[in-house]
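Notes follow once the structure below has been shown.
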């Protein structure tokens, strides 16, 4: 099964905060922390919890570049 | 100067392909390759080239999570 | 395997146009045509062609609502 | 009046949940359920309620493809 | 007719560049130039040309904030 | 320091509403009001408050066009 989104970073959930509609999830990927905001419903249906192995999936058109 | 986007990953450009309107940029971030599609105009104005140090900047609402 | 994106619509590719960096794909989903723009690289690596069964996957934050 | 977003799917609101800032809306489109997260302010100003006819509007660059 | 996207800025097209799949459009909005990348198909079907009055429509979740 | 996002509009915060996970920010840019939804964490870490000078930053692929 292949998804067209070109970025997938494996990591571990370090923090999970549920709001009314959205959820804020912090994922450790190597030395970086990746923050994700998904729906609360997805967080609940996926039964996400601290320590879970997940991948952060990102479309290439959503990746901006910054240069000094 | 602070941007509200919560994710910033430092890396080095490994590949750069220019199209008519868009540009495809591959950035090495540690052991991962991050792919970014930006406008050709930004790639040119930023004078992006292979070997440049850049950061990949991503809003948290654009980070999906995948769990096995 | 579950993705946090909440929308997945099964359909069949009706049309595929490759550009230099991006690809335009038209997918029939029941009585609707869904149009998707992905990277040319994804279209090629996924070996997409007319007639392929695919799902259109969309994050809920990307779905706007229009009311008359 | 034409919008550049290429996808517009007509449906009926089946469920509406208001949070502090965002609102989660479920729209029936034929045999599919489409989930949308918009601002609470838009939901209120549009006076959205269960049973309303709405269209789900989606830019083509936000439609990913998944192939088995 | 109301769209949930909360930002709409009226302006005039100053420049239009067509690529194979995408189109780059520059819109003057008061003293600002707003740049938009849409599909070539939308640009053609909307018959966009320099001098056209258009509105730039942007979802609030796509607006980042930068503070010095 | 240059970001690939092509739109940056200077303005002043007129209103700020914090939710559990997200924050809704209204920015006056000349004669327009621009609405932004960012994470509550960004709003807090950036210490955003009414009266702050900020720029609204938007990727060109997130700008749709509407024509009468």
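The letters A, B, C, D, E and F name the chains in turn, as written, and every chain counts its residues from 1.
Keep this in mind: a residue touches a chain if its C-beta (ideal position, glycine included) is under 8 Å from a C-beta of that chain, and two chains touch if they have at least 3 such contacts.
These numbers come from a predicted model, not from an experiment.
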Touching both subunit D and subunit F (chains):
A, E
What angle of turn lays subunit A on top of subunit D when you fit their CA atoms, given in steps of 5 degrees?
120
Farthest-lying chain, centroid of Cα atoms versus that of subunit F:
C
If you tally contacting C-beta pairs, which comes out ahead, E-F or B-F? Let me know.
E-F
Relative to subunit A, which chain's C-alpha centre is the most remote?
E
I'd like to verify one number: the distance from the centre of subunit A to the centre of subunit F, where each centre is the average of its C-alpha atoms, in whole angstrom.
22
Which integer distance in Å separates the CA centroid of subunit A from that of subunit B?
17
Please report how many Å separate the Cα centroid of subunit C from that of subunit F, as a whole number.
29
Enumerate the residues of subunit E that touch no fewer than two other chains.
1-6, 19-22, 24, 35-39, 41-42, 46, 57, 59-61, 64-68
Per the touch rule above, enumerate the chain pairs that touch, sorted by label.
A-B, A-C, A-D, A-F, B-C, B-E, B-F, C-D, C-E, D-E, D-F, E-F
Which residues of subunit D touch subunit A in their complex?
17-24, 35, 37, 61, 64-68
Complex contacts: residues of subunit D adjacent to subunit C:
5-9, 24-25, 27, 29-32, 34-38, 42, 46, 48, 52-68
Along subunit F, where are the residues that touch subunit B in the complex?
1-6, 36, 38-39, 41-43, 45-46, 57, 60
Subunit E touches which residues of subunit B in the complex?
1-5, 19-22, 39-41, 59, 61
